[in-house]
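The two complexes that follow have chain A in common; it is paired with chain B in the first and with chain C in the second.
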Partner chain A sequence: MSSEKNCAQQIKEISGADPLKCMKCGKCSASCPSFNEMDIKPHQFVSYVANGDIEALVNSKSLYKCLSCFACLERCPRDVKPAKLIDAARQLVVRQRGKDYLTADEIPELLDEGLPQQLLVSAFRRYRR
Partner chain B sequence: MKYSYYPGCTLRTKAKDLDDYARASAKALGFELEEIENWQCCGGVYPLGSDEIATKLSSVRALNEAKEKGQPLVTLCSACHHVIKRVNDDMKNVEDIRTRANNYMQLSEPYMGETEVLHFLEVLRDKVGFDKLKEKVVNPLTGVKIGAYYGCLLLRPGKLLQFDNPENPTIIEDFIRAIGAEPVVYPYRNECCGGYISLKEKDMAKNMCDKIMDSAKGFGADMLITACPLCLYNLNNSTTDKLPVYYFTELLAEALGVKEEGKDQ
Partner chain C sequence: MQRVGVFVCHCGSNIAATVDVKRVVEAISNEPGVVHAEDYQYMCSEAGQALIAKAIKEKALTGIVVCSCSPRMHEATFRKAAERAGLNPYMVEIANIREHCSWIHKDIVEATEKAVILARAAIAKVNLNTPLKPGESRVTKRALVIGGGIAGIQTALDIADAGYEVDIVEKTPSIGGRMSQLDKTFPTLDCSACILTPKMVEAAAHEKINIYTYSEVDKVSGFVGDFTVDIRKKARSVDMDKCTGCGVCQEKCPSKKAPSEFNRGLGTRSAIYTPFAQAIPNVPVIDRENCIKFKTGKCGICAKVCQAGAIDYEQKDEIITEKYGAIVVATGFDTIKLDNYDEYAYSQSKDVITSLELERVMNAAGTTKGHLERLSDGKAPKDIVFIQCVGSRCADDRGKSYCSKICCMYTAKHAMLIRDKYPDVNVTVFYIDVRTPGKNFDEFYRRAVEQYGVNYIKGQVGKVIPQPDGSLLVQGVDLLDNKQILKQADMVVLATAIEPDPDVRKIATMLTASIDTNNFLTEAHAKLRPVESPTAGIFLSGVCQGPKDIPETVAQAGAAAVKAIGLLAKDKLLTNPCTAKADELLCNGCSACANVCPYGAISYEVKEVNDHGIREQRRVAVVNSALCQGCGACTVTCPSGAMDLQGFSNLQIISEVDAICQ
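== the complex of A and B ==
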């Protein structure tokens, strides 16, 4: 991966979000249903991008814990859009060759009788290129 | 009134009930859902990256087809609605996406976000009217206590979806009253069911759905209703002593006395 500064810039471009608008109120993390599962919490995520600390971010399991429920985005008083920043960081990873978080080979053993197609297409779109 | 209709992938397979009962109910209420030809899967989730174009084109094709027919585009699955409504907003308001998508599409006339996107519930509220719906009910579900499960995709981001108040919605409760039942308002009705996390991390989705179920039960609901096949799947996989979960269209068809017609389709 190219330099961290460059990556931070890419995350800002892909997301269209400006982490410097954050006033650190923590409402995003308070709203996040995945908070307990995340190593880097939504409000920390925003500061990591602002500080260009990208190496930790792209290796964070939080990338795959975000549910795209948009609670953080809805409730942010400064319209920072943490969900978009997390998605952009994930894109930065899964757009690289061999970095898919979900592969087609894994699918058969994940299936069950009632599983809706919607679940497969959604996971494919979020977890891989 | 005729509407263009986008069913989506899951309504053709695991969620046939959601679709069949909607079509039977529409007929009973006097409007027609005209399925658009050759629709393609919306992708299930809205592509958040501002540089994503190709992943939005299936929505643009559906939107443009409705535009050419001069009809609003009706959706039923919460995920399809979310994706198509947001792509339409991009086509209307984001110049870069509009230009690049139209470069791909090469339409005789560029698509600029002209189509009105309506969820089936919005058709009931804004076009039919819940008072008119109430008049057409032949089997009111009297005494049934129903919890509306909204989930995320219909409500958020509120500014773009413009479906209802994202923190304190009322549309499904009003629907429940119109079919003669009693709505149960409970705190977790707009919390996430886990969505696509249930593919790889089933326990995470289970924990979240347990909270939703406990919340609804604690407030006295007999059942939950939803518009989303993935919410239904996740809620049905919760581990607590659970409530039954139905598509709202099934109860609608029952109240309108057309449940059998829905089954026959």
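== the complex of A and C ==
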């Protein structure tokens, strides 16, 4: 893996989220339906990215326990977008294993206007093959 | 030609670290008119001012340029220094080489070049300055206080005690404001009514205070020292002189289903009502929307039972026009609406309430006579959960960006009072941070934890889920234990963010007082002039300026009063001589200037003018210099260039631009 600092930067870029906006209220973890399944909790995701501790993060099973329900993102008072950070970490793992699961040309026909785009992308990532 | 002196300030390192001040002095020394130039470490200090005075006298200067901070900061300082040295104060120009230059640049070469350019512009302007003499305007020895809560009452009492007449305008039927709705007050737990109502009585009985309740400010014109205000006394439908306050009308009124504003909609009231028993004045109003007489024409019971014959269905709104020297805004706050917070189930369950609603539940004069009970079924709660920061400290579009400041303390108060009165009730507080700066505040919070056993959990609540059995399931997190918590509760209290009363926007517009993005009124200076609006003669009292608790509000109310008294104590005010003036020969009488003037300072006269030997009658613009505030709107509107602003003439501005572009 490239340097952890670099990875943290990538996660921020992919997600468009800024972990520094977090005020550590824990509302993400309070809202998460998969909380008990996770080893690293949603609010910790934010601080792991902020602290550049990416190795532990990408090896966490939490990546695959997140349901992409976006409750954390909807309720976060600071607009930190924990679900997008988690999603970006997943993306990072996927990219490091070789490639994106979807190519850019495949996306348009998969789009349904009624569906949140993030949901589609993260669902494909999880339920591939 | 003027004899100009230029004084370049280092401002410690504020300017000197980014601008080569010696180079500035050197560069402008040969500018037209400059006969003296020097730099000094702190030009605003006594020693710096002495340098200026010395140079004015020794070099017979007729104008000076000070290259320093913003004119908002020290223009007045340097004008006074010049005046003491015998120079007309309007022969002083400031080149702002701090805020406009050193603070925003990093490169010393660039910043120095810009400082030289700004200095040149000011020199070009001062060369065209003419001595100006301020006029005088009168001060009406009367103050208006908008809002009759604790802030407005305290300000009014302090101004009145200094011997000046004060009018309070309050939009609801009684003075008292939010504080009258509270049960106990932190950090001493004394009863809110017990400390507020004597002040209300004192205000009502004060010979210098006149209270207009059920009234609103309709229109404001004029300026500092001489405001003219229209106050709309809304039709009360009750004659205030005749009513004895016996209360029979309220008892007999058959329409009793209107939601009580005073009880935050938790209870109902009659259509003819006083908001609460200790209301001042103790004269009811008829809420015409809920009155059967007004809705159907039938009923009229209140008029029949009123022994004093005070009921007057024909009463109309009345406009009172009054003059004031100073206006204090004390419009207070409300809690935010919780429409965007579905996760807390506020609209789904009657047992999820705001803290202000809990005040009405706990208050002995409230809907439940002070018994703590669930609003859904009247049962005594066993588990109460408090949620902090609901809508405060938000970066999203649902809440407010600021900390509402009072919630940590009132929640500790509520928790403590409940545990004291009902020791078998479990009280849990979900908090993000506990913020208790204030005298005896943290001790108070610690008492809630250590003596009263309130369970404080560091973490937020994600969701409140109403259960089929009527209880509430609270899903939250304990961040210190790193555990998600599912907690049964039968009452949830939301520490709801506060926001300025929505009417403040309307009032600020009328007063031309500025407000920030959160609708809080802006101070003239955040640190050094915290109770004054940037608009002269307008003062700020209480939460309309920013979130604050009762002790702070009372302190600020006194400060606003002192500032208002300082103004009212003056017999005359010096007016700004930088006012507009019309050139009769150029004016074509088109009225464009009068149409844009926000102060109504321009009128028209038919005058005989002598235009190069031709005598004729012409319609020309005339500026009332007492009303003109020198905004310059007319000068840029005038199509013929007849309108000019003294001290900022078109020629002066053009010469500044030329100096910058040379």
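Quick note on the criterion: the second predicted complex is superposed on the first by the 98 of 129 C-alpha atoms of A that agree within 3 Å, B and C clash if a C-alpha of one lies under 4 Å from a C-alpha of the other, contacts with A are read in each partner's own complex, and residues count from 1 in each chain.
One rule holds in what follows: contacts are C-beta pairs under 8 Å (C-beta built on N, C-alpha and C of every residue); 3 or more make two chains touch, one makes a residue touch a chain.
Computed from a prediction, not measured in an experiment: that's the story for all the values here.
For chain A, the partner that touches more of its residues is B, with chain B and chain C as the two candidates.
When the two structures are aligned on the shared chain, A:91 is found in touch with chain B, with no touch to chain C. When the two structures are aligned on the shared chain, A:26 is found in touch with chain C, with no touch to chain B.
Touch criterion met: A:71 reaches chain B and chain C at once. Judged by the touch definition given at the top, the superposed model places A:14 against chain B, while chain C stays out of reach. Comparing which residues of chain A touch chain B with which touch chain C, the overlap comprises 71.
Listed in rising order, the residues of chain A touching chain B in the complex are 13-16, 33-34, 37, 64-65, 67-71, 73-74, 83-84, 87-88, 91, 102, 110, 114-123, 125-127. Considering their complex, residues 343, 389, 393-396, 398-399, 432, 458-463, 475-477, 479, 482, 484-485 of chain C touch chain A. Residues 21, 23-32, 35-36, 41, 43-44, 71, 75-79 of chain A are the ones touching chain C in the complex. Residue ranges on chain B touching chain A, taken from their complex, read 8-10, 13-15, 41, 43-51, 55, 77, 79, 152, 155-158, 166-167, 191-192, 194-200, 204, 208, 229-230, 232-233, 236.
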